[in-house]
Structures are given as C-alpha cells and as structure tokens.
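Shared between the two complexes below is chain A, which has chain B as its partner in the first and chain C in the second.
The block that comes next holds the complex of A and B.
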C-alpha cells in the first residue's frame, strides 16, 4: 500500500473512532481514550529506535516529561496554542535525544540504554530544582472550559492526540518501508557488518533517536492540560518507562502494527484495571506480562500470528486458520481482561468465584498460546478451558444481576460454545496432528 | 553556604564513607556487567529486596541486619543462579541479549519494585541496631557509626571478593570466562556453570548491600532507582571488570556527591552520577583502570 493511501485510511479510521466516541457522548470515554492514545504514540516512538534499530531506551518517561514541562514553561512564559506547543516539545525532546545519542551511541549499545536510564533521573532532578516550572511542588495548568469549534476541551485534547497517533503511526510505517528503515534493520541485525558495507550507522542511529525522542516529547506536550496539575513524580512516572517498552515488546517490535496492538490492548487493560483494582496492581500485571512475553514469545503477538500463518497456511489463508486465529485472539484478549476482572472480584467480596475466573483466564491465555504455536496440547487445553469458561459463565449468569453483566456473560458463553464447535472441525484437528518436529522439517 | 575547612573535611570524610558503601552496592554489577557482560539493571531492585528482608527479620526478631544478610547469602546466591539459568536459556543461547535480555531485567526490576509496594506500601522502613545513632569524634571530624560500620563491612566484602577472584580456581575461571570460553573448556570448566556461579555471587552481594543500605538510610521500594545510575556510573568509570577501579570510582563518586550535597543541597546529588557517566563515556570509555 502506498503512503498517501495509507495516510488517508489512517485518518479515516481516526475519524470513525472520533465519531464513535461522539456518538456515546460520554466525557469519560474521551478521557480514557486519550490515555490509551498517548501510550500508542509513546510505544510507536519507542519502537522506532528500539524495534527497528535494536537500541533500548529506558528513559521514555524522561522524554515524555520533557514534552510536558515544555508546555508548563510556555504556559507561564508565553501562552501558545497546544498544536504549537506540541511542535516545540517535539523539537526540545528531539534535541535532547540527539545529544544523548551523540555522546553514547558511538560506543556499545548498552551504554546508550544505561545513559537513558540515568537521563530520566537527572531530568527529574533538574525539574525538582527548577522553581519556575513548579519544582517539587508541581505546577497548575488551568485548562480552559471550552475549546474553539469543538466545544468540550477534553474532546479537543482527544482529537489532538488522535491526530498525533496518526502522525506517529504513519511516520513509523514510512520509515519501515524506506531506505532509512532498511538501514535501521541492518543496524539491528549486524551493526559491524553494516558498517563494513558502508552504512552510515552513527548518522542513522542519531536520526532514529531524534525522531523517537521528538515523538515522545510530542506525546507529553498536551499532558499538563489533560491532568491540570503536573508534578515531577507523575510526569516522570514509572508507568511511562515500563509501558513504552512493554507495549511494543508484547505487541511485536518488527513492524508498526506491534506497538499499536500492544498499546491498545495494554492501555485499555490498564484503564480497566486502575478503575476496578488499583494502579499498583496494573503495573504489576504489565511487568509480569513483559517478562513472560520476552521469554515465551520474543516476537510478540504479531510474531505469534505471523509464525502461525506461515506454519498453518503455507499457500493461502483458509477459513480454518482464520477461525483458529480468531479463537486464539479471543482467548488472549478475553484471558487478559478476565485476569483483571477476576482480580477485582477477589479484591471485592467474591473470592471463590474470582479465583475460579482467574484460573480460567490464565488457562485461556495459555491455550491461545498453544493454539498459535500449533501444539497438540494447545488444542486439548483450548477445549478444556473454553468448556470451563462456559461453566463459569453460567454460574455468573446465575448469581450476577444486571443487564450489562448478563450481556457480557451470555456473550462469553455463546463465543465459547462457538469456539468449541470450531475446534472440533476435522480440518482444524488435522493442523494439530503432525508432531511439531516434523512440520519444521518439511516447511 | 559559608565555606570552611572543617566543613570541607567533614564532607570529604562523609563522602569516603559513602563511597565505601557504594563499592559494596556496585561490586555485584562489576561482576555481572564488567566480567560476564550481563547488563543486570535489576541489580538495585535486588538490593532493595535485601533491605526489606533485613528489615523484616530485624523488626520481628531484633537480629542485627548484617547478621541477617550473611544468613541470607545462600538464598540470594540460589536466586541469582536461577535467574542466570532463565537468562541463559531464553536470551544468551538465542543471541538476544541486546534487546530482549535488557527488557527482561527491566521487567524483573519493575515486578520486584511493584511487589514490594503492594506488600509493604510506600512508607519508609528502617532497622534498629546499636551502632545506628552514635558517632566517633576525632578532632573536629565526625565518623557516624551508621556510616562507618557499613563502610567497613563493604570494604571487607570487597577484599574478600577480590581475593576470591584472583586466588581461587573458580575465581580465575570467572575472569577467564569473559576472555576465552574455548580455553576455559579446555581446562575442563563449563563456561555456563562458571557464569552461573559468578552471577549467583553477584546477586548474593545484594543481600549484604541491601542490609548496609537500610542501615544508612530509611528505605522504600523506589529508592533503588536512584542507584541504577550510580552503580553503572561507578562501574563504567572504574573500568569494566576491574575491582580496584570500581573501588576508586566508588570513593570518588561518594566524595563528589557528598561535596555537592554539602555545598549545593542534597537534591542535586542524584545528578552527579549522570554527569560522571556522560563525561566518562565521552572522554574515556574504557574507564580509569579499564583493560
């Protein structure tokens, strides 16, 4: 797909998202949506350096805060409209990225990672000691009640972040398919060989750090207006550092889809978790997912799907593989949300049901992994865990009142039944009959 | 602030004591990163874990934190060996240390910290021991025992490790594993086993460093983050893999930090380490005593 066409489609999707939000007309949706979207921008930005070049940036929180504090500074010094602030924040953060990169990227990659880790702490120290932007007390940024044309201010912020997301994704995709992207890939795969072949590695790495840092800063620029009161510990929060890494890693680092998928999935999950449980627990979930994914599925969700398609359908996509794929996808998404919901049930008054739901959720995730890896135990486990989830859904329907919960549990039971029926198909079963060793040998 | 000689000397002495403690915090990273080339950024998180174990036992049973940490050494050693095993199978064997291995340790750092927050909250915890509080006075110079005892223990730990690494077979093998794995195999030593032992030792030092940390200052789960920059700055400045270099760098950083917080205010101290790190990387990446 060519670049202009992709941009138009991305803008179209963004418009649909915005109109869908407008349809519900709940401010909270825009509030939550903004959070998810700024994680999409952060994850995409991180991936330009981390995923494409293979250089890890631990200081995402620092770059993000740099953008946020640029806004605070100009809010006091010379008020500007937010789009202008976004551009300025991008420039500031990009320059800091360039500087850090210039000092450390000529050495081994790990020095860059360590330097970024320390950079976030130093920037925080600077901000704490800089009274003009609020110091350790923090700064109030009073948000106007209304925005021009759009009306509600949170809607305006959401729209800005949506456009920024489109920009980030389009830039990431453009890089991926350009000569620049191929240059990045050579650095990731074998930097010494690339250098020997005349790839200007240092210059490419500096371009990557600048773009990546700049985008992170841009993601941070509207943030003070979003939360209204910015203090160093929230701008430099651990959540940004870990999510910027975890989201691409869990989604998949080799293409622009990975960070997008990872950020939407994890971002939404965390929104739900911080409402139903606590923000510490949701960070714990992210941390555990990160460790689990880098060990078990090093190429992330996108990698799992690609491997599955390559192994299951060598020639063309069949409805069977598509079916298994959607069952597995459902298993992963439902399992992850199931974990959050069951933890909140355990925290609330229903521990027994919560523990059962937790077991089923974890089994669902495991079986989805097995299904995607074409393991015969995956098929068995999938049958078992979907059967269990039917039982659980029926119990929940029995005990829990309310239309919303009824629709949710009823839907879950219906999907589980459909999944089990699909998994009984002879063609699907045959996918799992060949021992994995032989399949690898033939393909 | 007014400049005076005894303030300066006191700041330098405090810095040296602090630097000795930093040496104990860094020695584990010096082994893991400097010798084994494993970038364990989760190291400070394990130190905090050590602090909390010292705190629990001290507050329940009243046992001295340093004694607790010595008892905990085998446990931390086992933890370290287990982590290395996972790291080796999942990343080193597949050649994925650079990106995913780092993310793995970052995840560990994060999970440990959040677990501690969930269990203990974000309140500051401290230990009680007889040497916390009183000071030794020699002339106008203060030696707070709270700093002196950790410094001495740290130096003993440091000396012990230096002797172990230079005198014993396994210690020499650990030094060799970074240089020539094949030669090590020819000496009938399994490089993976040697690395596992070395990483176990590296994590074991966290038990002691953690106990020292909670003697020096009250601890809450996110304190560890301040030490990430410090330990790697010391490690790089000292020269990778050089224990004497690490000691010199640790003392240097301690003194400069102490002077900074005496004359400019303690809130600037965390920035010193980063300055050290950047200057070292820009001017002499091999460090003071690097090979």
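The block that comes next holds the complex of A and C.
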C-alpha cells in the first residue's frame, strides 16, 4: 500500500474513532482515550529505536517529561497554543535524542540501556532543581474550560493526541518500508556486516534516536494541560519507561502494527483496571504480561499471528485461517479483559461467579495460544472454553441487570456460539490434525 | 601504473600480541591474488584492517590513489572495497533478496547518486542470487540456509556492492569439489569483468589454480610474495606449513 493512501486510511480510522467518542458524549471516554493514545505514540516512538534498530531505551520517561516540561516552561515564559508546543517539544526532545545518541551509541546492548536510564535520572535531577518550572513542588498548568470550535477542552486534547498518533504511526510505517528501514534492520541484525556493505550505521542510529526522542517529547507536550498539575515524579514516572518497552514487546517489535496493538491492548486494559480495581495494579498487569510474553511469545502478538499464517496458509490467506485468527484474537482480548473484570468481581460481592469467570478467561487465553500455535490441544481447549463461556454468559445474563451488561454478555454468548460453529468446520479441524512438526517438514 | 591497493608498514596489535607486523602489500588493478597462511597467521586481521572493521596502529593503506586508513568501514565500501566474512554474517531478520538489497541501496545507489525504481532493484537482487544459485530461496530467510549456502549469500552480497576490489575470506570452506569449481569460475568471471580479487583460502588446489600471485603470512609477518609455483617451493613456506 502506498504511503498517501495509508495516511488517508489512518486519518479515516482516526475520524471514526473521534466520531464514535462523540456519539457516546462522555467526557471520561476522551479522558481515558487520551491516556491510551499517548501510550500508542510513546510505544511507536520507542519501537523506532528499540524495535527497528535493536537499541533498548530505558529512558523513555525522560524524553516524555522533556516534552511535558517544555510546555510548562513556555506556559510561564511565553504562552503558545498547544500544537505549537507539540512542535517545540518535538524539537527539544529530538535534539536531546541526537545528543544522547552521539554520546552513547558507541555502547551496545545493556550498556546503552543503562546510559539511557542514567539520562532520565540526570534530567529528573535537573528539573527538580530548576525552580522556574516548579522544581520538586511541581507546576500547576490550569487548562481553560473550553477550547475554540470543539468546545470541551479534554475533547480538544484527545483530538490533538489522535492526530499525533496518526503522525507517529505513519512515520513508523514510512520508515519501515523505506531505505532507512532496511538500514535500521541491518543495525539490529549485525552492525559490522552492515558497515562492510556500506551502511553508515552511526548516522542512521542518530536519525533513529532523534526521531524516536522527538516523538516521545511530542507525546509529552500536551500532558501538563491534561493532568493540570505536573510534578517530576509523575512526569518521570516508572509507568512511562516500563510501558514504552512493554507495549511494543507484547505487540511485536518488527513492524509498526506491533506497538499500536500492544499499546491499545495494554493501555485499555490498564484504564479498565484503574476503574474496576485500582490504578495500583497497572504496573503489575504490565509486569506479568511482559514476563509471560518474553517466555511464551518472544515475537509478540504480531509474531504469533505471522507464524500462524506461515504455517497454516503457505500460499495465500483463506477464510478459514482468517476465521481461526479472529477466534484466537477474540480469545486473547476477551480473556485479558475477563481476568480484570473477574478479579474486580471477586473483590466485590460475587466471589463465586468471579472465580468461574477467572477460570474461563484464563482458559480462553490459553486456547487462543494453542490455536495460534496449531496445537491439537488448542482446538479441544478452545471448544471447551467457549462452551464454558456460554454457560457463564447465560448465568450472568440471569443474575445481572442493566442494558449495558445485557448487551455485553449477550454478545459474548453469541460470539462463543459462532466460534464453536467455526471450529467444527472440517477444513479448520484438518489444520490441527497433523502434528506441527511434520507439517513444517513437508512444507 | 600505480597499484589499486597499497599497504605499507601495516601493524596491528591486540594488547601484547602482535597480530600484524609491518606488512607491505600491493595489488595491481585486475590482479588475482591469493593470500594464504596457517590459522592465526593474521589473514583475517589484515582484511579487517584493510576494510576498516579494525583500525591499524601503524602504517598506511592506500586504495585507488587515496589514503583510506582512518576512514570508517562504510566509506571504504563506498570507494569500491568489498569483502565477504570468514564466518558468514547474514542479516537474520531479512529475506535473502533483502540481504542482497542492502549493498545496492546503501553502496551502489549512494555511489551513483541515482535512485533506481523498486522493480529494477528486485530484478538485480534476483540476478545476484541466481549468480550463486540461490534464486530458488530468494524469499526465504538465512536460518533456512545451510552453511555452504550462507557462504554463497555472503559472496553475492559482497559482489552486489559492485566493488573494484573483492576480498573473499574463505568463501569455499566446506564446499564440495564441484561447488568449489563453481565459485572459482564465478570469481574468474568477475575478475574478467575487471574486478580485482584477493582470495583467502586454505584449499591449496583452489588457490593454486586461481591466483596469479600468492602472498604468505606467518605469525603476522609476510614471508613470501611470488608466483604460485615459486611459493610452494619456497623452503620458508614449506617450513611454516609443515612445522620444520
């Protein structure tokens, strides 16, 4: 797909997202959506250096905070509209990225990661001791009640972040398909071989640190307006550094779609957990998922899907493989959200139902993994766990009132029925009859 | 006529170990040079110093009339030096076509300043893979290749850079008799097209039939630089190889 077309489609998707938000007309949706989106930008930015070039940056929070504090500085010194601040923050963080790159890129692997971590700490110390931007007390940035044209200010911030997300994703995809992307891949794979074949590795790495740092700074620029009160410990928070790494790792680091999927999934999961359980569990969720993925699916969700497609459909995609893919995708998403919901149910008044839901959710995730890995137990487990989820859905429908819950559980039952029907198809079954080892040998 | 490659007094040490000791070497344009020596004699170190993977402490390297020591590796590649690695270093996450595409994008295109359409590049990549007999696996990844195929990929990638001087560092180790013939024929063909070739090899039959001149390194010193026949009859060389 050509880049202009991709950009148009991305903008179209963004417009649909925005209009869908307008349809609900709940400010909180925009508030939560903003958080998810700024993680998408952060994860995509991290991936340009971490995923494409293979240089793990632990200092994402530093670049993010740099953007946020650029806003704080100009808010006091010379008030500017937020789009201008985003550009300025991008320039400042990009320059710091360039400088960091120049100083640290002769380091490899873990030493580079430590250096970036140190950079974040140095920046935090600077900010804490810089009174003009609030020092350790923090700074208040009172946002206006309304924004021109759009009305609600949070909606305005959401829209800005949505556009920034489109920008980040388009940039990431453009890099991936370009000469630059090939160069980045050679740096990730083997720098010495890359140099020998004429790739100017140092220059490419500097480009990567600059773009990556700049985008991170841009993600941070509207943050003070969003949060209202910015203190160093929140801007330099652990959550940013950890999420920026975990989201691409869980989604998959080799393509632009990985960080997007990972950030939407993890970001939304954390928002739901914040509401239903407590925001304190957010980092726990990220930590558990990160460990699980590093062990079970080191190439992330995108990697799992690619492996599945390679093994199941060597020539071209069939509706069957697409169907199994949708079932597995649904299993993973429903399972992850199911775990959060069931934990909150256990903590609330309905422990028995919660435990049942927890079991079903975990089974759904496991069966989705089995389906993607083309394991024969995956098919059995998928049938069993979807059957169980029908039972659970009916019980929930019986006990739980309300239109929203009714739609949710009714929908879950309908999808489970459809999934079981699909999995009975002879063609789908045949995918799971041959042991995967033999299939690979014959292909 | 000035030499294409002129190495003068080149020395390289790793800590207290002298890997290369005042090496002088000159290679004429269009020449086929064999470089031999026992394991650990400094052949690959010499290649690394010429190509910029390592930097020499003393001496100078001139290539095509320009002093190149001090330049980083990719600048030397842009000038027209290309090498294959003794242990193949493919890019594991790129397909074979894309492995070959890298030097086309970053060296050939950078040198000419012309951007080629993607279709042309694809064709050129496939031609290069065909040259070494890997066209059937063009969309596969290096992990699907055997060691022998990896050596061929290594060679295709080096040739893709359209070099003036090609240094083939043990491109034939582990290859069968007929495969060695294939690679030798390929190198001779490249040489006839005007590419100067330095062949580093342990397989004496291949070196003897290919080289117009052979240089022998032992313990970081050059002990012989002569025609193939003269070199194999050189008592010092025989001594070094047989341990006399």
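The rule is simple: the second predicted complex is superposed on the first by the 442 of 443 C-alpha atoms of A that agree within 3 Å, B and C clash if a C-alpha of one lies under 4 Å from a C-alpha of the other, contacts with A are read in each partner's own complex, and residues count from 1 in each chain.
We adopt the following convention: a contact is a pair of C-beta atoms (placed from the backbone, for glycine too) under 8 Å apart; a residue touches a chain by one contact, two chains touch by 3 or more.
Here the structure is a predicted model, which is why all the values come from computation and not from measurement.
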item	value
Clash or fit (per the criteria above) of chain B with chain C on chain A	fit
Partner contacting more residues of chain A (chain B vs chain C)	B
First, second, both or neither for A:305, with chain B first and chain C second	neither
Partner chain(s) touched by A:200 [first = chain B, second = chain C, both, neither]	second
First (chain B), second (chain C), both or neither touched by A:277	neither
Partner chain(s) touched by A:215 [first = chain B, second = chain C, both, neither]	neither
Which of chain B and chain C A:43 touches, first, second, both or neither	neither
Computed vertex angle (chain A) for partners chain B and chain C, CA, steps of 10°	70
Which of chain B and chain C A:179 touches, first, second, both or neither	second
Least Cα gap, in Å, left between chain B and chain C after the two complexes are fitted on chain A	9
Overlap of the chain B and chain C footprints on chain A, listed as residue numbers	none
Chain A contact footprint on chain C (complex, rising order)	51-53, 72-74, 77-78, 82-83, 85, 89-94, 98, 101-103, 105-107, 109-110, 157-158, 160-161
Touching residues (chain side chain B, partner chain A) in the complex	39, 41, 86, 90-91, 94, 96, 98-100, 102-104, 106-108, 110-111, 113-115, 117-118, 222, 225-226, 228-229, 232-233, 236, 265, 267-268, 270-271, 273-275, 277-278, 281-282, 285
Chain A residues within the chain C interface of the complex	179, 182-183, 185-186, 188-190, 192-202, 254
Chain A residues touching chain B - in the complex, by the definition given at the top	50, 54, 56, 58, 103-104, 107, 109-111, 113-115, 117-119, 121-122, 124-126, 128-129, 136, 238, 242, 245-246, 249, 253, 280-281, 283-284, 286-288, 290-291, 294-295, 298
